[in-house]
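Accompanying notes for the structure given below.
Just so it is clear, A, B, C and D label the chains in written order, and each chain counts residues from 1 on its own.
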Amino acid sequence: MALKELKENNKEQIEDTVKDIKIAYIGGGSQGWAKRLMSDLALESKISGTVALYDINFKAALDNEKVGNLLSKHPDVKGKWHYQAVQTIQEALQGADFVIISILPGSFQAMGSDVHQPEKYGIYQSVGDTAGPGGLMRACRTIPIYADIANHIKALAPNAWVINYTNPMSLCTRTLYEIFPEIKAFGCCHEVFHTQELLAHMVTDLLEIEVKSRKEIKINVLGINHFTWINRASYKNIDLMPLYQTFVDKYYEEGYEIKKGAWRESVFESCNRVKFDLFKRYGLIAAAGDRHLAEFMPPWYLKDPETVKAWKFRLTPVDFRIQDQQEKINKNQKLLSGEEQLEVRPSGEEGVEMILALLGMGDLVTNVNLPNQGQIAGLPLGSVVETNALIRKDSVLPVMAGQLPLDIHNMVQRHVYNQESVLQAALNKDKQLAFNAFINEPLVANISRYKAEKLFNEMIENTKDYLPGWDI
Amino acid sequence: MALKELKENNKEQIEDTVKDIKIAYIGGGSQGWAKRLMSDLALESKISGTVALYDINFKAALDNEKVGNLLSKHPDVKGKWHYQAVQTIQEALQGADFVIISILPGSFQAMGSDVHQPEKYGIYQSVGDTAGPGGLMRACRTIPIYADIANHIKALAPNAWVINYTNPMSLCTRTLYEIFPEIKAFGCCHEVFHTQELLAHMVTDLLEIEVKSRKEIKINVLGINHFTWINRASYKNIDLMPLYQTFVDKYYEEGYEIKKGAWRESVFESCNRVKFDLFKRYGLIAAAGDRHLAEFMPPWYLKDPETVKAWKFRLTPVDFRIQDQQEKINKNQKLLSGEEQLEVRPSGEEGVEMILALLGMGDLVTNVNLPNQGQIAGLPLGSVVETNALIRKDSVLPVMAGQLPLDIHNMVQRHVYNQESVLQAALNKDKQLAFNAFINEPLVANISRYKAEKLFNEMIENTKDYLPGWDI
Amino acid sequence: MALKELKENNKEQIEDTVKDIKIAYIGGGSQGWAKRLMSDLALESKISGTVALYDINFKAALDNEKVGNLLSKHPDVKGKWHYQAVQTIQEALQGADFVIISILPGSFQAMGSDVHQPEKYGIYQSVGDTAGPGGLMRACRTIPIYADIANHIKALAPNAWVINYTNPMSLCTRTLYEIFPEIKAFGCCHEVFHTQELLAHMVTDLLEIEVKSRKEIKINVLGINHFTWINRASYKNIDLMPLYQTFVDKYYEEGYEIKKGAWRESVFESCNRVKFDLFKRYGLIAAAGDRHLAEFMPPWYLKDPETVKAWKFRLTPVDFRIQDQQEKINKNQKLLSGEEQLEVRPSGEEGVEMILALLGMGDLVTNVNLPNQGQIAGLPLGSVVETNALIRKDSVLPVMAGQLPLDIHNMVQRHVYNQESVLQAALNKDKQLAFNAFINEPLVANISRYKAEKLFNEMIENTKDYLPGWDI
Amino acid sequence: MALKELKENNKEQIEDTVKDIKIAYIGGGSQGWAKRLMSDLALESKISGTVALYDINFKAALDNEKVGNLLSKHPDVKGKWHYQAVQTIQEALQGADFVIISILPGSFQAMGSDVHQPEKYGIYQSVGDTAGPGGLMRACRTIPIYADIANHIKALAPNAWVINYTNPMSLCTRTLYEIFPEIKAFGCCHEVFHTQELLAHMVTDLLEIEVKSRKEIKINVLGINHFTWINRASYKNIDLMPLYQTFVDKYYEEGYEIKKGAWRESVFESCNRVKFDLFKRYGLIAAAGDRHLAEFMPPWYLKDPETVKAWKFRLTPVDFRIQDQQEKINKNQKLLSGEEQLEVRPSGEEGVEMILALLGMGDLVTNVNLPNQGQIAGLPLGSVVETNALIRKDSVLPVMAGQLPLDIHNMVQRHVYNQESVLQAALNKDKQLAFNAFINEPLVANISRYKAEKLFNEMIENTKDYLPGWDI
């Protein structure tokens, strides 16, 4: 490189800004996640560029384009981005520096089968998108989609950083690496953040110390997405592990909520009683919402709706999701018509912070989902695990998280190998292997194998449109 | 070494015999295993020496001494051994070249709790000595005994080869290595031999070829004791894996017995229907008796006595064991009084062949239980696994067995980690960890956790005499 | 499979014979190795079929065809094979059950550069085909040839067993697996056999016991081809390791030869003084000829021709190889004209025994070269190592060999990583990486790096016809 | 814990200070390192407590006590510490929260043998404290001292964080973990910092951008201490790897110095020509001073004093060290007499920052020496490697650094295994193993083995007072 050219190219750095970034947004038509990104981008002045919006629902992408560009024009907005809906994934990926994926695999109807078909056999799921019979079925239809996306990224944007938000998180990320091992991808989820918030409130509750931000709660995270564990937590020089023991003792029976009564209002809320119970039994802090955690365990917390209620968390009926989606669409109409403006406030997600870190604008240590290179001892290399990582200019390096205790390790690795089985089953359209994983899910293992077979076949049948090539 | 001395020392080799061997036999008071060894030693002319008999029941050891020495005096007997009962384990181990361990950990009463207490909660076990609630409890009382034996071996016979016959096989062997990592120990079990016999009969049944010996059936074994799998089997140039598919198709419904009707006569027999079912579902040949295999699975085969009957195998009530023991004692009286003579015939065990191989008298390739050094890919190093090994002069080297398919691997490793938990629980008297392993047993996971807790506490209470130091 | 068909197919097994085998022989035009195989096949009555002979010198293949078929017609010959020269490697491989590869990579002229160019810089090599500057150059021209062979095998005979005899052994075998990871290949070398013979003679020398066959000397082998080590050796119940200490003490100065004076007659012979010296310094038995061992070490034994003489082994000038080849060709003329007949006697190689074992006709435990799956602890997985393996019907399974002592391990792994570098350099035509490996060879590290660079470039230049695509 | 007590205990946190810390300083009598710590502590107001000073030279410790306490009394000093010389290591360690070790193992006379005895055989060393014949000898006398320190820490301060500054860094740290595997120790060295400074100057030199601090240069470090490599470097959004190529091209011949001409003034300085040469050959940025790097390579840069000069770096004669030490002592007299005051300025070391991070006062990512848990792929687990780590409240977690290129990996692992050999040799007083490591040092491998033996024996003899128990 000629020196002159070097100097020209890097001038911008003196100003600490990066321009002309291209972000490809895959999915997002379902409104929630795309809006969050727009809001976070609007708040950040250091970076600017284009966001290409691709969704299988082109109309939805066009709406997002409009909302995004309206926002950018607003004088108070610091981050100026150009939003552009595109008709093909190729157009979106071409030249992208970052790819964000947030899709709905299949339909609400398929999700209805995932969540509610098992109820006919006495299997209740609080979410149904990660573990359990529903999570498994969802994975079977998502994996081929992700294999396809990975091939496109390999062809068109092999050097882009890829951030996944879709569930099942581990298997989506795992598929990207299976198909394109050199991909620079990782998965993000906010469940751990909420646990940090809980710990921040615990510090205030027990010590009467105000904590400025959940980020001041330092944790060591290890496990798999939605079944993640904290074996070390601190606030400044205070070790929070013994404090959490006190906290659990205090609130075990009634539970603890940051916002009192929220769990009765929202299906996403809980009183953390499942989390407290897991601590009593296993000694670590489970770092996901109760609704996720419960699905990785035997039906201790999900035996039936009464049990769920007693543990003070909620099932998430797909009807609720449909209605929620409709509300978002209505809201969107108002944004499009200019009747309302997109409210700009931090989403709580870290996508934009991560992009800044990847552009060299400050180190970030946070939890991400990545193939295991040894950051969790004893889990198979290559399986996607969740730990802290150090994010810097063009690199995401896992921080060594150590080893889980034997009993938790055993529960986690059962899911890890079930996920590996599902990956192979989905890629090879292997019904037998898929069923062997299905019946090995803790939520399924409690019914007879004849019922399990029946349920499996029904769920396959219900969603067969999304399982091309399977022998159904 | 002076050359002259070298020559003197090694003269014997020209004759292919080894004299003055000392075998320490720990346990064996329960009659069965010690008699088998006596019989096999009597049939082998190449080796001779002393067998020191140690049992916590000294009277039983004395009886064995008498029977053994009577046998050696008999003119037809080729292997001449001197049997001597000793009062302490130290006397037995001092100067031993080989140590054979075959004990009953605890009492028949304790075994009664292992097997029958869970029945009150609808958990049926066909053996109750390896996996399931019974196997776990038995392990908890056996591990401290084996820790003690390991310490004695370390002090008195650190170079001796140690052969274990006691169940739970994996955990007994694992404990020896945990306490004395340099120990030269391995565990032996005949379950795989019986599967070879089944395959030999299959060859005859399907191909009308007579197979001389089960040893002509070459197999690759991998897994853990009593939950072992064969992924490759051959007879001469015939690949037996596709043949087994035909065999399973032929006999799936009615089952197959080597000796027709035997399963109705003996609790140890079965019609191999569980084995056939596992093949249909998982694609490998399970290499243990159905009664063992069933205990590692969810209660598919052990739901209740009717289910067991439908699968054509048997539960083993402890009453039966007590009665069987009494018959052996009566039989022994006749041997001691000279009314009967010990029948000398090959026991089917390989202990004596192994001793010959370890003395340099011929290579032996057979399945043994050893700490994993990588012979099974993906299982944790140090956990005790069952694979083939090459046995030669003073060495037992595992043969690389490869990797289990994902679905079987997942089931096996769940038991492996449960076993590791039980080891730590037993060594540290950690009730919580023991319970976390207990409730993670596939046979237990199907009852509610409240029932599981109740059952666990009752079983602990029933056998507390054998759990010194536990907080009960 | 229908039962009837099953029975038909397997009838042959009752007779313990296998017919209609196809062996593809790649190379062999240089006469030696092909003749050995013919001789061994002629001595074995259990198997028969066709040997397809492919060599880049078709005339040589035709000559071999004639010699082989003449042999088969001879009434005393037990093994009846049809030999057929073919013009393409595809014809040879199509339908092959076994593939044997034994080629001369490049020409004698290229070999002349390998061996003698370094002498101009004071680097003497006793063989020049495995390690050192010559071994490295030879590897660079062999690897693309083996990559090509691997691709043909993948396409035409993916299920065949592939036996490699070509040097550099480790890198030839490594290349096959790099290109076609599912290949069923292993490499064979007789150097370890000769060490067994030495140990057999040692037993006679020191103990006055006759040993029937080298196979009665049981050894544990570990290392890489031609730099292999024995850490355990026994004859019957006699531990040979302390005996070897006595043997080395006795013969350290004068050396020991099985056939007195042979080393003065033949470049292939030695007095084992290098082997004895390595034992004194490192404590294990080096298990290859001195001429190979010396090339893996710093120039302790190869400083100059006088040093070589003092250690009582020989350099192998390429002139000698050319003359030796001419003699073989002359000899061949007599065979072709009928003036002489191929002498049928065991070659000492194990290829035919291995084929028998792979066909299910008896287990074989012997040393082979295979990718490391953990059979040698601490060496990188995938690198080709030499240890014992258990050969059975359609399987070659490494036996766990354990770990080398730290100091030997360090010397071995330096070569292992140099070999990995050469593999990558040859596949990617990366001169810089090739040179970094070159200068890291212990025989090269002693000259200045400027001289090393000059030498490297000359050797590349001399053999550039065999380095297509390199930037020379 | 009662809530009230919890609140009391943690009140201090609101103020962001930690009081009553005890630091044990082992060594430091040689003046340099202890003064640096005092200075850094004086600059930091957030922490305070006691520093217990232990040195085998009690007088030196008393002097340090006096200097330290004088400093603390000074009104401008922010960090108030009480310094106290103690007569035993036990007193120092009792109750320590942090242990800092910085000793001189042996004497200057012994160091003279390390550095200069090899010169008689044509082996020149620029430092002689890490690799090469001198580094090895130094390790042999340091390891037993560190074994002793580890035992004391285990007994008296098992929960303290231990920071090592003594060379040979890797082996000192390795010994601590070998003796007390649960120790919380790591090693610190500033060589990497200097490379960051070089890169910062490069940015200014090539791009005319001022870099505020070396800490803005983000790097990924991997290797072993003093032979560490950078495979990724950035400043903000600028990738520095291609820039470094330009930099090396520009300055390869003349070299580059931050302070022009410094290398002629100080033995510690260089013109980075070795570093540039290594980049040209191996493609990564070597991250230590040229004087250290040169010792890990064959004698390319250290052939003789002229070669050293041509590469523009310096040998460090021990006479210089003796004189330097005398100057420090003289300087110290002035401090003690009050004639001068200790100058308080940042030392450039990170010890105090690390203590702050370990106390929960801010995350720190920096390079440290720790046992490999997989942070460098392919290097043996347990060997001490240098990579980045995340330092937080009571935890130091390595960041995954990835894998070295094959050629560098090979050079690094040769030293890693040599170090392991030295560790075992020193602990077991095994001269043969020590010599096998010695002759495998790249600087030694170039002389004949007879000379190497002679040299080894002389060096052992020269320092035998520090090798108790060796068979000399």
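Methods note: a contact is a pair of C-beta atoms (placed from the backbone, for glycine too) under 8 Å apart; a residue touches a chain by one contact, two chains touch by 3 or more.
All values reported here derive from a predicted model rather than from experimental measurement.
Asker: Under the touch criterion given at the top, what is the topological distance in steps from chain B to chain D?
Answerer: The distance in steps between these two chains is 2.
Asker: Return the chains shared as contacts by chain B and chain C, ordered by label.
Answerer: Output, common partners of chain B and chain C: nil, no chain qualifies.
Asker: Greatest Cα-centroid separation from chain D: which chain?
Answerer: B
Asker: List the centre-to-centre spacing of chain A and chain B in whole Å, with centres computed as mean CA coordinates.
Answerer: The answer is 47 Å.
Asker: Indicate the whole-number Å distance between the mean C-alpha point of chain A and the mean C-alpha point of chain C.
Answerer: 54
Asker: With centres defined as the mean C-alpha position, give me the chain A-chain D separation in Å.
Answerer: Using C-alpha averages as centres, the distance is 42 Å.
Asker: Which residues belonging to chain A are in contact with no fewer than two other chains?
Answerer: none
Asker: Are the chains arranged, by touching, as a line, ring, star, complete graph, or other?
Answerer: ring
Asker: If we use the touch criterion from the header, which chain pairs count as touching?
Answerer: Every touching chain pair, ordered by label, is A-B, A-D, B-C, C-D.
Asker: Going by the contact rule set out above, which residues of chain A touch chain D in the complex?
Answerer: Listed in rising order, the residues are 1, 3, 6-7, 10, 12-14, 16, 18, 206-209, 218, 220, 232, 234-239, 242-243, 245-246, 359-361, 363, 365, 373-375, 377, 388, 390, 392-395, 397-402.
Asker: Within their complex, state which residues of chain B touch chain A.
Answerer: Checking each residue of chain B against chain A gives 281-282, 298, 300, 303, 378, 380, 406-407, 409-411, 413-414, 417-418, 420-421, 424, 432-433, 436-437, 439-440, 442, 445-446, 448-449.
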